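In what follows, subunit A forms one complex with subunit B and a second complex with subunit C.
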Partner chain A sequence: MIEIEKTTALTSVQDLGRSGCLNYGVGRAGAMDPLALQLGNLLLGNAPGAAAVEIPLFPFRVRFLEDCAFAVSGNDGDILLDDEVLPPWWVAQARAGQTLTVNASRYSARAYLHLPGGVDVPEVLGSRSTQLRGAFGGFEGRGLQKGDRLRAAEPARAMKTDVGIASPWLRFADLSSQVQPVRVLPAGEHLAYTADSRARFWQQDWKITPQSNRYGYRLEGEPLVARQTMEMRSHGIVPGVIQVPHNGQPIIQMSDAQPSGGYPKFATVIEADLWLLGQIPPGRRIRFIECNFEQAREAWLAQQAYLQQVDKQIKQLRQA
Partner chain B sequence: MIAINDIRQIARQMQNSGLGKIEINGKDFSLRLRCEGKDFSDIQNQPRSQTPFTVKAAVKGRFWASHPMQEKSALARGAQVKAGDCLGFLQTGDLMTPIRSPQEGEIRVLNVANGEQVGRGRVLFTLQPAAQTVRHEEAEHALY
Partner chain C sequence: MMSIESLTHPVISQLGSRAMLFEAPGALGLANQQRIWALSAQVVNWPLVAEAVPGMNNLMLTFHQPPQELEALYEALHREWQRGEAQTLQGRVIELPVYYGGEYGPHMTDVADHTGLSVAEIVRRHAEPLYPIYALGSHPGYCYLGGMDPSIATPRRQTPVMSIPGGAVSIGGVQTGVSASAGPSGWNTIGHTEYVFFDAKASPPVMLRPGDSLQFRVEKVLS
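== the complex of A and B ==
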């Protein structure tokens, strides 16, 4: 069991999200960086989609009320167990009474704290993710607060600790670049915009504004202009969809996207790049790279193959 | 290895000096000598063995002096480390294994370049044990 000592209300319990409920008007929710969520779980020998604590603001601090292994994924900032510095993307053993502090990263916006078996909260509609809009799921349907106590599903499970994985950033992102490229597919209303606007969409860097969160990222740049004013009925949308409201400044729907919306859809971020987008903090810039369905599918398969490869290596290490 | 003549020489010196016990750790050997009828308390205030020790690669992999995701300065010659301190990492595939110092000391030689692929057992660091005056009980413990 862990007790939260320092956090903001934006910290929440998340797994891979609540799929299959859009028809009830229930959004997906789920980790903003599903790749980090799965990798952290693999480090602990958990099911890849086990629930973890998603931390968007730092420093974050918890106290272990009993001996328990844990992993921290997603970030590269200083992680301290009492005063011992732990490497990033690491699994370690805590003893009762020890304090874990997770500090801000250089590259990424979010960290995940994983416990053996996952964070033990009830499953609602097939998921343990916090649905903030509906105030259900996760820990009491809300963000975490100081004094909250979270239980691990398998607190006493013994495992090999003091080992980690190389960050997926080293493999899938360009650390030297100030502007991260994000691959997108043109979507439904793409051709309803002027040729100039379409060209500008790919050419310019888009700033992620401070009005960005788990619901969506509001971007800022030279506005996109439609060839004529569009009024559309609300229709289904999913995380990754890039909408353009009347002001021409795009909005990317993120994990807590509502299930429907009426703005024109300019493009969609491919699923394989959503984790990276979920980790880019407000204030940074991104650039969109056009790709086709086949490339998007290949990128997805490459990521799944990578996850399987890491899983295999960790299992071999445990058997050794 | 250590030559048998060197051991004889050490034994003679022990007799002459009245030293009761000695332990020498080299790169690939460990030697313990005991001289009968002597009072072990003689060594009470002798410094602990100053023979350098090495840290080897426990697994094969790519050596990183600091974690590739963190811009921390790598440990240089002369750096003081404590037992259990992380001296670097070995990356095998996607796994990262820490290289930890078995005891307190000072880094004398870094035997590997950052990013270099190393085999299991390769000597990565040579360290000088921390200079300290050992107390009697510790000396006994160290020598038995």
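== the complex of A and C ==
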């Protein structure tokens, strides 16, 4: 059991999100950095999709009310168990009464706190992710507050601690770069924009505005101009879809995206880069890189293979 | 780029590597929607397909993993559509009392400006039809409705509003609907009603399904 001592209401319990409920109007939700979520779970020997605490604002502090192993992923800021600095992407053992503080990273937006067996909250409609719009799932259907107590599903499970993995950033992205390249596939309406606008979409840097959250990232740049105003029929969308409202400033749908929408779609961020986008904080800039379906598919397969490889390495570490 | 109304063949486009969108050609209407329902019921059985999600005369598919053969999938979808099968769904009629305009309809003046109609006339035309539910989407329990009078169609807003309340009755393009909970929206809010559309603890969690219909009743028009 842990007790939250310092947080904002934007901290929430997330797993890999809900599937099978789109026809109820229920979107996916789930971790903004699904790569970190899975890696943190593998570190603890959890199922890859076990629920964790997603932390978007820092410092974040919890107190352990009983002895419990834990891992922190997604973040390279200072992580302190009482006064002891822990490496990032690391499994450690806390004793009852100890305090864990997670501080902000210079480069990444979100950290995940993992507990053995996952965070023990009820499964609602097939997932433990907080559905903020529907006010269900996660911890009582809301963000976390000071004083909330969370249980680990398997608090007493014995495991090897003081082990870690190399950051996946080394493999997949340079989070320190000023302008972050993000790969996208063109979507339905990209040809409906003026030639200038189409060129601008790829060439200019887009700033992630402060009005960005788990629902979507609102971007700012020279606006995109459609050759004529389009009123689309409402249709299903997925996280990653880049919609262009009539003001010409794109919005990238993120984890809490609605499952459908009607603004024209210029492109979709490839699934293998969604974790990266989830880690880019507001105020930073991104640039879109066009790729084709085959490249998007290969990037997805490469990420799956990487997760399997890390899983194997961690299992070997644990036996050593 | 041709608009979907004037096309005679469906349009398929990618939504990243694990989803695609199938759009039925021709006028927006119930006949097309019945074919979408039938298509959805078929393709949801394909091993590759995770979810089949009808929208307004369109169908989104999500996949367990990125398809290996895109072209073959496109062809299979076209073939299935060409069979022309339609599914008829029968359901209940739910009457919802609506407070139109005033504080409940902050964008009513935008609809009046765009259509050139008086508020009274917009209300009359909005409350007139029986609206069949074509699909659910947007947010938990939200129903997409067919059958709005095109003369009160109003474009979605230049910039989406950060939050509109649950129960908001709104118009977006040629569509209308009722927000099932508070949240962001790009539609024009013209009124307010009360109804519980969603309960996560119920099974199924939604009160209304495609085939059911909504009838709006004018409770009051505020200025």
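We adopt the following convention: the second predicted complex is superposed on the first by the 318 of 320 C-alpha atoms of A that agree within 3 Å, B and C clash if a C-alpha of one lies under 4 Å from a C-alpha of the other, contacts with A are read in each partner's own complex, and residues count from 1 in each chain.
As a working rule, contacts are C-beta pairs under 8 Å (C-beta built on N, C-alpha and C of every residue); 3 or more make two chains touch, one makes a residue touch a chain.
Computed from a predicted structure; not experimentally measured.
Engineer: For A:263, select first, second, both or neither according to whether it touches subunit B, subunit C, the two together, or no partner.
Structural biologist: A:263: touches subunit C, not subunit B.
Engineer: One more residue to check, A:26. First (subunit B), second (subunit C), both or neither?
Structural biologist: second
Engineer: According to the stated criteria, A:170 is in contact with first (subunit B), second (subunit C), both, or neither; which is it?
Structural biologist: In the superposition, A:170 touches subunit B alone.
Engineer: Of the two partner chains, subunit B (first) and subunit C (second), which one does A:76 touch, if any: first, second, both, or neither?
Structural biologist: Touch status of A:76: first partner only.
Engineer: Return the chain, subunit B or subunit C, that is in touch with more residues of subunit A.
Structural biologist: Comparing touch counts on subunit A for subunit B and subunit C gives C.
Engineer: In the overlay, answer first, second, both or neither for which of subunit B and subunit C A:45 touches.
Structural biologist: So A:45 meets neither subunit B nor subunit C here.
Engineer: Considering only the touch criterion stated at the top, classify A:310 as touching first (subunit B), second (subunit C), both, or neither.
Structural biologist: first
Engineer: Please report the subunit A residues shared by its interface with subunit B and its interface with subunit C.
Structural biologist: In subunit A, no position sits in both the subunit B and subunit C interfaces.
Engineer: For the complex, which residues does subunit B have touching subunit A?
Structural biologist: 67-71, 86, 89, 91-98
Engineer: Can you list the subunit A residues touching subunit B in their complex?
Structural biologist: Spelled out, the residues of subunit A in touch with subunit B are 76, 85, 87-90, 106-107, 162-167, 169-170, 306, 309-310, 313-314, 317.
Engineer: So in the complex, which bits of subunit C are touching subunit A?
Structural biologist: Counting only subunit C, the residues touching subunit A are 1, 4, 11, 13-19, 21, 23, 28, 50-51, 53-60, 62, 65-66, 68, 70, 135-142, 144, 153, 155-160, 162, 172-175, 180-181, 183-184, 186, 198, 200, 204-206.
Engineer: Mind pulling up the subunit A residues that touch subunit C in the complex?
Structural biologist: 19-27, 124-125, 131, 133-137, 141, 185-189, 191-192, 211, 215, 227, 229, 231-238, 240-241, 245-247, 249, 251, 258-263, 265, 268-271, 293, 296-297, 300-301
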